[in-house]
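Here's the structure, in structure tokens; my notes come after.
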Amino acid sequence: MLYREAGQFKTTYAADQAIFPIAQDKWVVIAFAAIAFIAVPFLVNDYWTNAVFLPLLIYGLAALGLNILVGYCGQISLGTGGFMAVGAFASYKLMTSFPELNIVFVVLLSGGITALVGVMFGLPSLRIKGFYLAVATLAAQFFLIWLFNKVGWFYNYSATGQISAPDRAIFGLTVTGPTALPWVKYLFCLGFLAFFALVAKNVVRGRIGRNWMAIRDMDIAAELIGVRPLQTKLSAFAFSSFYVGMAGSLLFAVYLGAVEVTEAFSINVSFLVLFMVIIGGLGSILGSFLGATFLVLMPIMLKNAMVDGMGLLPVFAKHVEIMLMGLLIIFFLIVEPHGLARLWQITKEKLRLWPFPY
Amino acid sequence: MAGSPVVERLDEDTFPKILLRNARVFADRPSIREKDLGIWQTWTWAEVLDEIRAFSIGLKQSGFKSGDKIAIVGANRPRLYWTMVAAQALGGVPVPVYADSVAEEMVYVLQHAEVRFAAVEDQEQVDKLLSIADRLPLLEHIVYDDTRGLRDYDHTRLHSFEGIQDEGRKAVAADSGAIKAWEAGIAETKGSDLAVMLYTSGTTGQPKGVMLSFDNLVISARNGNTFDKLDEHEEIIAYLPMAWIGDHVFSLAQAYTAGYCVNCPESVETVLSDRREIAPTYFFAPPRVFEGLLTHIMVRMEDAGKLKRKLFDYFLDVAREVGEPILNGEQVSFGDRLKYRLGELLVYGPLKNQMGFNRLKVGYTAGEAIGPEIFRFYRALGLNLKQLYGQTEASVYITMQPDGQIFGDTVGTPAPDVEIKIADSGEVLYRSPGVFVGYYKNEEATSSTKTAEGWVHTGDAGFIDDRGHLKIIDRAKDVGKLQSGSLFAPKYIENKLKFFPNVKEVVAFGDGREFSGVFVNIDLTAVGSWAERNNVNYASYQELAAHPQVYKMIEEHVDQVNRDLASEPMMAGAQIKRFLILHKELDADDGELTRTQKVRRSFIAERYAPLIEALYDGSKTCHVRTEVTFEDGRKGAIEANIQIRDMKTYEPVGGITREAAE
Amino acid sequence: MTFFIETVLSGLMAGVMYSLVALGFVLIFKASGIFNFAQGVMCLFAALTFVGIMEKTGVPWPVSFVLTVGVMVALAWVIERFVLSHLVNQEPIILFMATIGLAYFLEGFGDLLWGSDVKVLNIGLPSGASDWMLDSFDIYVEKLEVVAAVTAALLVTVLAVFFQKTRVGRALRAVADDHQAALSVGISLRSIWVIVWSVAGIVALVAGIMWGSKSGVQFSLSLIALKALPVLILGGFTSIPGAIVGGLIIGVGEKVAEIYVGPMVGGAIENWFAYMLALAFLLVRPQGLFGERIIERV
Amino acid sequence: MNAHVQPQPVPGSGIARGDVLLQVDNVSLSFGGVKAITNISFDIRKGEIRAIIGPNGAGKTSMLNVINGFYHPQEGTITWRGEKRRKMKPYEAASQGIARTFQNVALFRGMTTLDNIMTGRGLKMKKSFFWQCLHWGPALTEEIEHRRRVEEIIDFLEIQAIRKTPVGRLPYGLQKRVELARALAMEPDLLLLDEPMAGMNLEEKEDMSRFILDVNQQFGTTIALIEHDMGVVMDLSDRVVVLDYGRKIADGPPEEVQANQDVIDAYLGVPHG
């Protein structure tokens, strides 16, 4: 209905292959980005930043990374929590060993280190597939958590086994540590997310992304047209782990400030991120964000409704919340197994065809 | 959009000269596009000059001389348009030919026009020409655009377009003066020179070659541009046959004089989506295109949800009520304007967008009468659709509807520089700068059409109403009398029936007979979709056409027409007494329609003589056997028992015309 | 040496318990291709219900057992009716995710129903060391573990008979290979799913009681499912013998490693060792212990 | 893992039209004791259309699988462009100019027609990960250059209208055509077609035959095809090899093969003596 595409013709392949070939989409995204970058920083307070925006941005980044692996390359991973832990501990070690290192590089390097670890745990993917692989990635989850829990070097032999992030600044603005301002943290995470979402989109629409999807859709045929399975799968593991590692790094350094590995990066985190990907939509970058938004906001809203709205006991409400989450997930899978992104796609298709039904 | 910054210089009186000007003043503006390999490949005016020059000089190298004719055979492709101007630059004359004519039909035109060269689209056309080459001794060279499948052909007389261009570029490289010489040649072309020869696909007899001079085309085109304020910012889509005067004027003459951009669709099948992509600002189509589009919209809306249908119907009603007044700049209440605005957002805008008309500045329909309902539908949506009346012999424009004076039943006032008069016989005559030079090698026809004073017989009967607008009734020669003496205008009756979406074609009979009777051809898309909705099963077109419910539906339409006719004093006597539904679709391949999809009445009368006889001898059914040509060229026959229905007629309602009633 | 044997024996005992849980997975995967992540939570839920009924009503445990079986069958029906029947023909990962959703639901629901405090499960199973073993071989073995092993063995035998000898059992096996063939036996796919989930529920109940008797009924019970996963990749998702042998291997391997390797690397390696073991094994033999070699076709 | 690949020779280097491009010598293949192919030898010459026919289960598809490295024969050798080759991975065969289509369409169902065909260009695209991330500069130039080539193939096979349609939604006949397009995008020296016309109606078969001939003539691609429709085989192929129960029973021009008594028996199902 609001899509008025007539007259938007393409005279070059570059224009035809643009990320948003439809002008209306482009405007909306630009407007959205403008609000996120310019308006929101003036409006956020501590509560909104900590309860909503930071988890949303950070889990969005993690979901994006996992979606590359699961949604684009078809390799199921249940080790996301473990890989996020790698990112977090890498950041900790980097920040404490090289105090001069800029926080941006800390995050990037943490992602890089996670990518290496991801490749290591991706190696079995050449020989095993499907759920066998999914279970194998659980090995990564348990092994890594154990490692960070047991080996003192990783947490600098602190008595509690916790790690906490020292203050770091960029352009004179403190990003990490207790003194960091909400809007700075928000913008820092948003910057990462926006930039790497763009990078992800670029990669998936190019040769590498097509190879991933080829492996996902039919690995044998992919190999017969010259896609190298190992290289392709490992690149997906690396790329995905890079994102997940950065998310882990941001979660620790910017959002939580201090973490205890068995709590912050448990297997529940792996499932949470996987849910974001599935409910958001496999193989969709937009879906990763929608899924993250949904799963970050849903518990908050449920809790608010039950505890503040209906005056239920928090313990009781917690049980109900878990139950409802389970039900909602099942409900979503039944209603639209292809996720929120598909719902949007269908809506968009309808809007584009309006007033015609098909 | 402000008018073009270019002060028209009238000494640029030929297309090659205008090309040089455009390449100078519009150098970087798009001149032509073609949807090819997935995107709209675009050439600017400067690039077009380069392409045409190379080809033109190459053509000269291969022996093309001033006065030579070059046949143009193919769909709307940039290179074929360029070939025309390239030939004109050398003093040659392009002769566009209908690309879908079979080889036999083509022979006559190519022989008659004495073409030495032919520029064709692809292998299909090359094969066609080669198959008749022995009957075309004058034809020396064939140039083709699309190289596919032609690699292994004998290339002594066959050249690729690029091949000729390469020759041209080589010649330019070898001789620095070649370009100067070529431009000097262009300077020698004059407005009075022959620009193009277009063969009219007359309903009877062999086609006649209408000779048009540069003056004819250039002056008419400039008048047309001024009339509708067209400039270099227009985008049009070239999809009608290149051999048809309409396409020649819109896609070449007006495009060159205004400097606007012509867009060639990817293929015939993709015209709809290609038009949507381009969203032309200026559009031209015969009524059947608008009819088809409307049918398409309505059929698609049938499947929409209830709420959406309600919304759609409601706002269409709003549009029918206030859309036209708003478009015509009349006083409309604020509430209605608001409703119309809302409708624009929810229905009209999206609809125009779906059709690719959201940028449309002005659209024309011509060639035949358009159904008033259809015409009004588009105008109600806010589209500035207008009618014009034109002919090949007039370089299109005879009358046009000026903005703000749009009436569904007239074709407008005389176009700029055009004079009109009505002969005693009722025939319309005109005189204008666009009047053709003559029919090629046919003095007799020329003198019988064009008087010594320059008046041209249109062959159409009509009158000028009190508003100064021309109203066309029918072909002058087709207007006849029933035995009762009442006026019988077959096309008038046919059109009334054809305005129903379920009816595709109609052939009316009655001249010199007792009463009017008609053959009806149902529209497969519309009736098929109706059948689907009403659980009417059918296996073939023939079965559907003979279905009792279909007959019932058509009967209602005929009855409606009779009521209409009864309200018009001049026509009331010609109400339809009997009708039948034809068992097959009228088809150009069977010779029943012309290549421009017009009914060939006399041919049909001959072919279906038993049916006509049955129509007038009172029988209820008639058995008929018909030869048909299938798509692949094979022949066969189909047989059917056709039912004939009697209809009620009405007493004439004195004085009240249909228009007045509405 | 005695210590080693004790270790192996205790590994074997634990392994039997893993097998029991893995069996639940295999049953469902074999019959419907669903990787049922909720199996662990089903154990917890069953045990909670079992204890809850006893606590609330004071009925003797066999009555509670029968009632709980009824609850598990009802649960199977509900799952089929409201979840699975809507997800027919979806991709495996979607079904997998649905079972995780189910796990969340059951966890919340169980806690809501019976409370989340640790419950003691005592149905009079013997505890303490087996005197006979201690006296005869000087080997320390928990009586409870012996009982558990015997129960598990019995259950496996019953299931084997069920699958081999009964019409329904044969239909269940057939459905894994060919849905059409199963239908021709005269049992609808939907009832097959209800049956298989019921059986898995009963297996979960038994496993839940065993684990519950050992360490109390609490949330961590649901985590034993995670222990069963390496058993699955080792034994194959579709092989019942695989689940049993795999369980034993993992149980023994884990205990031995914990005691002999653990101290060298900081301990508590139980959590991941089983996975690494299974993974290493898979790299050598991707089709698992009892799987057939896969010939890929195009 | 065989990470390194032989540097790719110039396509068709040193091999003239009509020379042997691929030679199969005494190849045998079995799966766990079941013989799929027994001692088969034949050759494929550059520029020809070679048909492999035989009743169901004759080992035709297995033969193609051996040629493009998907199966590794226990015995016998394969000589490709004059070089005897050892065990070869399928993607190596692909990078050396062997492309194929599949009996049951093996398209990437989640991707559009355009993307499917673009995957066929993957081997020819070299720009690094870094540029791909930016989708700019060299990567964009490369992408566009290959898009153009792909568009030419789309044009050639007349599938413009479905360019951006996900292949899962296409009718079967068009899917087959897209698969051919993907194989063509690799610009192969040898194109293996496994029943390109299976399940098509007459009109689609005619179209496909025309495309196969056009590919062979226009691009000079050598084609080896498996087909059941004897009429099509006789029309298209230059030479035919006939397999039955994993053995070669005839080899020669179509007319000759058609007249061969063994072939007639095999097709009529005469029991083996």
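By written order: A, B, C and D. Residues from 1 in each chain.
FYI, a residue touches a chain if its C-beta (ideal position, glycine included) is under 8 Å from a C-beta of that chain, and two chains touch if they have at least 3 such contacts.
Going by UniProt, the chains are A, C = Branched-chain amino acid ABC transporter permease; B = AMP-binding protein; D = ABC transporter ATP-binding protein.
None of these values were measured; they are calculated from a predicted model.
By the document's definition of touch, common neighbours of chain B (AMP-binding protein) and chain D comprise A. Counting C-beta pairs in contact across A-C and across A-D shows that the higher total falls to A-C. Relative to chain B (AMP-binding protein), the chain whose mean Cα position lies farthest away is C.
Rounded to whole angstrom units, the spacing between the C-alpha centres of chain A and chain C is 33. Here the CA centre of chain B (AMP-binding protein) is 77 Å from the CA centre of chain C. Chain A and chain D, compared by their mean Cα positions, are separated by 41 Å.
For this pair, chain A with chain B (AMP-binding protein), the centres built from the Cα atoms lie 57 Å apart.
Shared interface positions of chain C, i.e. residues touching 2 or more other chains, are given as 296, 298.
Along chain B (AMP-binding protein), residues 38 each make contact with two or more other chains. The multi-chain contact residues of chain D, meaning those touching 2 or more other chains, are 70, 102, 106, 147-148.
Contact residues on chain D toward chain B (AMP-binding protein) in their complex (touch as defined above): 114, 147-148, 151-152, 154-156, 160-161, 163, 214, 217-218.
Taken in their complex, chain A has these residues touching chain C: 70, 76, 124, 127-128, 130-132, 134-136, 138-139, 142-143, 145-146, 149-151, 220-221, 224, 267, 271, 274-275, 278, 282, 315-316, 319-330, 333-334, 337. Note for the complex: chain D touches chain A at residues 1, 68, 70, 89-91, 93-95, 99-100, 102, 106-111, 115, 118-123, 125, 127, 129, 132-136, 139-140, 143-144, 147-148, 182-183, 186. For chain B (AMP-binding protein) in complex with chain A, the touching residues are 33, 38-42, 276-279, 297, 300-301, 303-305, 308, 311-312, 345-347, 349-359.
Chain B (AMP-binding protein) contributes residues 36-38, 148-149, 151-152, 266-267, 269-270 to its touches with chain D in the complex.
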